[in-house]
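We call the chains A, B and C, going by the order they appear; numbering starts again at 1 in every chain.
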């Protein structure tokens, strides 16, 4: 099957999902990102790689945090960025999604960063721009429904590589609401591609999707057993709209069983790192003493997130320019 | 009567309406825009003409699409642009429109791009800045009530000139809700100024304003007769809030009589072009097969819109700088 | 007590309040601002002092006007600025204020401009970034509750200095709702620091806070007596939500007693200047003939506000870079 993310030379044309990327390409993105980490530390936090390029942040689902990271990444590459609040825009006037895309492409957009509540929306857009507007227009999936959040997966890998160096000896646990998490999906694909020998998921039965076994993960419902000797703990955000719903008894009950406390973390390796994609619900999925503790790498994740987004944008639009 | 758009040397001081502009000035704007078309095709889509200038997008009426085109045009001229969501701002604190303008002018604004639901609001602002703040402050009407939308009119002319070369042999039809359309008014003025010998308007009696005959147009209520042998078809957007209202039986009924289908379009010249200001209501005023068909120049209109807005801004603020 | 605004060398680390600043430092800010006044008059309104710096406008309380002045000031210093509408953001997802700050700091923010309805919020943020993120991150208070609005106080001083040259012979009156006004507090501190011998406050008993006498001001409830021979009149904005409330009979009644009319202004010195922080309620706290009259310096205040904000940002982030 043709991979819609790659052009005919096998280069990255869009970033839609980590699933289907080669190990070589993932490593290339991480290596490029490593080169950008230093830019944000400089006195002048800017490189001219995307000067004069137009990046459109199309957020059909609100996310100030993720939108801001793409805005900063684009700005530090010297691109021009335009934020579109799509709810308040033409779609409310009855214009179709693809008409909106066509219009922005006709304004010579270079990159669309797309966040959408519906799984697959960025694929639809990528297929359409390939057919209608040609290879100079690129799509980055900034989170689609429960499906994928590839830049989050990549920044998680950059974080793990920074602190653990080598993937091939690691045990990684992903904890919480696996069912609704696009972060979990993207992380599992990335960990598999990079050769992590043991990926575990930990959570209640009601928050586990079907088909997990096919993804090469080990499933745990008991958190202490699941955390035993892991090198990396990735906590997931519990969506507040799901707390106290049918799938969960209460936030308190969830915290008791699956909230990361110092006691539970003691089952992991002493040098295990703790990650979280944010925003955190302190006292629900993670205890504050862990979130702010010595093993937490939650803020470095944010820093690496800027570098990863700069890397993806520059690989997409810097070369093809 | 003094033309409030021109300074004492007859140069463009504000762009408020196409009505009252000389043929020479309209052609100058189109020629300048033609020179900017290439900028958006470049690797680095930027020229430094308005570097350090401050452009304020004052949208008292929401329009993501038009606001975005001005934002892109200003950015590609290297201006600094600030978007003001006026509903959420000081006017809600009881500050008057002109106090808001005075404040922004005191921050050394160079260009105000104004969209307002009330006809004449940009004139009020232009008169006020002329009196209070002097010739270095410019106003561009980005659509006022039912009155005028001059940059849309100009981009329509640039599109027609691109595809038809010469205006003096053309028959142009404007179709739909003429009554409420500032686009129709601006197009009719521009077509007259540029010497188009036959301008037709097509639509139901209930959607025709009085005084059309004085504007030098031929009125048709039958679409097939009106499209006979035309070179250019300009479809208007039917505002959804007007569908199913007192003036119209239903969207379906409107489409049956005035929606542009391949069958109706067959009455025009074989090389006729089809235009639409967007956003389109597919299946209401235009059939998808026409919107996406070989005669459609709807996306080139969008591209030319960026060039026209760059031309207007550079003529206003580039020279006087 | 340690002053949280200063670093160990006594230099400005944050701008949280005028209270506690030395005369020398206030004069340094005003002198720096004077140097920036000319930038906004230039053809290219830009200096490269903050190129590549990231400024975050964190407005937890809506204020388009103040937010815009900081955005323009940052832009004219060539900084990159990101506006965060905090109500629509992560705090609505249950993330804590300090988690939001940590995240933005991890994206290598240089300056946070903070407006918050709660007095003290910018102090909380400044203390946190000092402890967690180090000396390269700076906080500017853009108004916190009833407490302080230091850049407004500084721009008022720059305006007075421009028109009156010397502070040491002046009588200054501040008129209106002193109780709820952070502008009044910041102005009183600044006027005291700069050696103004007589600062008066004028208003109804119900709108006077306790402890005013300790601030070295003279209190008047009769406006004509209070304005007698003053050199500067600073009118305060009456918050509409306070009109017709328990503390005030009505806007009409307020205007009768404390609205600045030409008749009341006649009691001041003939060369007295009239100031207002905006947005004005014409006909409530100030008559239009005074607001637009020869003694009004309300629009110059706006112009000086850009220069003061450029000065503060460049002193904070330009040097430490």
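Simple rule for what comes next: a contact is a pair of C-beta atoms (placed from the backbone, for glycine too) under 8 Å apart; a residue touches a chain by one contact, two chains touch by 3 or more.
From a predicted model like this one, the values you see are computed outputs, not experimental measurements.
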item: Same or different residue numbers at the subunit B/subunit C copy interface, by half rule; value: different
item: Fitting subunit A to subunit B on CA atoms, where both chains share a sequence, rotation angle to nearest 5 degrees; value: 120
item: Centre-to-centre distance between subunit C and subunit B (centres being mean Cα positions), rounded to whole Å; value: 41
item: Numbers and ranges of subunit C residues touching at least 2 other chains; value: none
item: Touch list for subunit C against partner subunit A, complex; value: 51-54, 80, 82, 84-86, 88-90, 93-96, 99-100, 102-108, 321
item: Residue ranges of subunit A touching subunit C (in the complex, touch as defined); value: 40-46, 62, 64-65, 68-69, 71-72, 75-76, 240, 278-282, 299-300, 302-303, 305-306
